[in-house]
Amino acid sequence: MNPYLAGTMLGIVLLLAMFLSGRGLGASGGIKYCVVSLVGAVDRSHAEKSIYYGKYFENGKEPLNNWLTYEILGVVTGGFISGALSGRLKFRIEKSPSISNTRRLIFAFLGGVCFVYGAQLARGCTSGAALSGMAVLSVAGFVTMIAIFGSAYGFAYFFRKNWI
Amino acid sequence: MTVVASNLQKRNYPMKILKKYIIVIAIALPALILITIKTFNAAGFKYDAKRWSIPSFNGSNLVSISDTGKLQGDKLLVILDKETEGEFMTSAHIVMIPPGAILEKQHLRLMREHKGPILLFSADPGLSARVWMIISQTGITNIYIMTSHIDNEIFKSRFRPDTVTGPEFTN
Amino acid sequence: MGPISSLITMPGWLEMLIALLIGTGFGFALEQAGFSSSRKLVGMFYGYDTTVLKVFFTAAIVALVGSQFLSYFGLLNLSQVYVNEYYAGASIIGGIIMGAGFIMGGYCPGTGLSALSIGKIDAVVFALGGFTGAFLFGETYPLIQNFANGSYKGAEKIDEALGISTGLFIFLLIVAAAGMFWIGELAEKKFARPDITGEI
Amino acid sequence: MNPREKLSAILISLGLILALLPLSSNRSFNARPEKVLEEILDPEITVTADQTARLVASGDNSFQLIDLRSREEFRAFNIPGSVNIPYNEFLDTDPHQILKNGKSINILYSNGDIYSNYAVTIARGLRYNNTFAMKGGLNEWFNTVMNSAFSGERISARENALYEARFRARKLFTEINSLPDSLKQKFIESKRLAAKKLDGGCE
């Protein structure tokens, strides 16, 4: 699909989220709620004692029962539908031909760790903080957006072998 | 033959431009029209309720009858209830508008086109306040409430705490 | 009017159904934009593909312009729409860490999820990394708590912070975005890598 | 035109329209003007001090009293059960949070008639139709409820009910407002509207 058309579609989805639920989109938040409930399931007393996890279990709250977790469930569904319609469903590892699969997967893992860690710190990732934040003109949105893209450009040189 | 063809092309030129920009026009023009209607609709409420109610925050829109002379400009006195008619002998231009008719086109036009302060008067200060707010929200400015109860919002009694009431009496 | 959630108290299941449907639209749009390909995403940083820039700014501006129009017509009450809170230090450092994660992993959380849905194994690993990252954050939170909650500026809006009118700021943002789209397309021609971008 | 030029042209033209508008996130009246006018001219837009006293005395909590005076005035005394929102902040903190509280009616009062009637018009313009103004404000409340005394010789059943409601409302008013400041503060705080935090972002 033409990127401008896809962008318009994404913008309309974001507008719908604002109109229906009074909030923006998010992705890292959903991941966090999954982790929180996982920690709660494994070691409930640790979760309740922790100053970080504790607030998600206050008053018998159920962290999985959250707008964001249902939303990321939808993201996976929507991606699957789109991939099926465009004939892109296929198990594969996407990488530059000059690097090994292991190297690609190690970097993907590290990237995931960094991205979600940073997103927790900045209270949102590219969708939750930067995209949704810009759509409501929040300073946080613009600052996070500039920091993400600026830093990615800065690091791009060191990881060029992974991609091109 | 060739002359006719080039003429035809020339005549179609505006259509071509239109076709080229049709999507832009199809989106921007309706938006522009809607905005224009919304902005210039005389009887409708204007955007941003706060902006139009600012004069009411500090009482700068209240004048007592004796102070009306201090207002600069040609005054228009709008009397809202009948029974007070003829009570004033001011130099102002006086009109009687029953409150139910205040949003009628000719009355809104009269107030909108009047240069100088508009004074609302009613024997009931609450009614004046409500009518002031509704007129202000249609975007008419320089409108005042003329009242003989300028001290209306001042507390006139005294509250005497009950000295025998202590924590032990309540729970 | 609007947001609908502030008008009526929705039953929980309806709210979650809306979340699911919005998420579906989100995932669909991301995948259609080609964001399920990490090499396409990072192309942004090597100049051979600027889809990220185009989609990202188009989406933000469409939602921004749409919400402002709805608000002008009294259909959406913007004071009931969440505005992200600004913690200056955490936003900047968090953003820098995210940028590093982006160039290493090739995805961001949203695009990673849409990529794993079409069977990208690297995206599955990226998501596993994401779970680990969230867990690490939870465990290290006591150490960085002060920093994470420091320099709190509240739900600040950028037009107010800059002291210019909302409409003017939006206009300038749009002009800047149009300029970036143009530059982006020039860069795509200059750094073209048809072997990568042609894949999807 | 290629897609980029099309999109840029659409967005720039919409941006130009927006640049000319005085945008703010404040709310605008969204009810029809004729309807608001009809409502504010209906005598039932106001409730009397006696009606309010009866509600207060009944201990019923299906209504919400909203005090539009300044914070200092509110601290000095207020009708039991009220929450304070100074009139000039009424539109700052979105009235939505104050008026949409699940109560069947909201009663606005100030010292007199002016502020409460501005605010009730704003509420009706924003379509909060369960909002009313207390006629005469606290001045009237003091005249009828606090300072009234029965001066006739025989009392009818109706008058008896009226005076009983007044008496009970007065007793409650005096008791609560006579508490030491520290206790009153606690009482007020427990009554304060907890500003609902908006849910959103990736938190």
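The first chain written gets the first letter, and so on, giving A, B, C and D; residue counts start at 1 in each chain.
By our rule, contacts are C-beta pairs under 8 Å (C-beta built on N, C-alpha and C of every residue); 3 or more make two chains touch, one makes a residue touch a chain.
Keep in mind that what you see is a predicted model, and the values were worked out from it rather than measured.
Engineer: Across the interfaces A-D and A-C, which one involves more C-beta pairs in contact?
Structural biologist: Most contacts of the two pairs: A-C.
Engineer: Averaging over Cα atoms per chain, report the distance between chain A and chain D in Å.
Structural biologist: 42
Engineer: Between chain A and chain C, what is the gap in Å from one C-alpha centre to the other?
Structural biologist: Once rounded, the distance between the two centres reads 9 Å.
Engineer: Using the average of all C-alpha atoms in each chain as its centre, how far is it in Å between chain C and chain D?
Structural biologist: 39
Engineer: As a quick test, compute the distance in whole Å between the mean CA positions of chain A and chain B.
Structural biologist: Centre-to-centre distance between chain A and chain B: 47 Å.
Engineer: Where in chain D do residues touch at least two different other chains?
Structural biologist: Residue numbers touching two or more other chains: 4, 6-7, 14, 21-22, 24, 26-30, 198-201.
Engineer: Of all the residues in chain C, which ones touch at least 2 other chains?
Structural biologist: Residues 6, 54, 58, 61-62, 69, 72, 74, 78, 80-85, 166, 170, 181 of chain C touch two or more partner chains.
Engineer: Quick one: which residues in chain B touch 2 or more of the other chains?
Structural biologist: 31, 35, 47
Engineer: Judged by the touch rule stated earlier, which pairs of chains are there in contact?
Structural biologist: Chain pairs that touch: A-C, A-D, B-C, B-D, C-D.
Engineer: Provide the residue numbers of chain D that touch chain C in the complex, in ascending order.
Structural biologist: So the residues of chain D touching chain C come out as 4, 7-8, 11-12, 14-16, 18-30, 94, 96, 100, 198-201.
Engineer: Enumerate the contact residues on chain B facing chain C in the complex.
Structural biologist: These residues of chain B touch chain C: 31, 34-35, 38, 47.
Engineer: Report the residues of chain C in contact with chain D in the complex, numbered from low to high.
Structural biologist: 1, 6, 54, 58, 61-62, 65, 68-69, 71-72, 74, 77-85, 165-168, 170-171, 173-175, 177-178, 181-182, 185
Engineer: Tell me, which parts of chain A touch chain D in their complex?
Structural biologist: Those in contact with chain D are residues 2, 4-5, 8, 21-24, 26-29, 32, 67-68, 119, 123-125, 127-129, 132-133.
Engineer: Spell out the residues on chain D that touch chain B in their complex, using ranges where they run on.
Structural biologist: Result: residues 1, 6, 9-10, 13-14, 17, 21-22, 24, 26-30, 33-34, 36-38, 40-41, 45-46, 73, 76-77, 87-88, 91-92, 110-118, 120-122, 125-126, 133, 135, 137-139, 142-143, 146-147, 174-180, 183 of chain D touch chain B.
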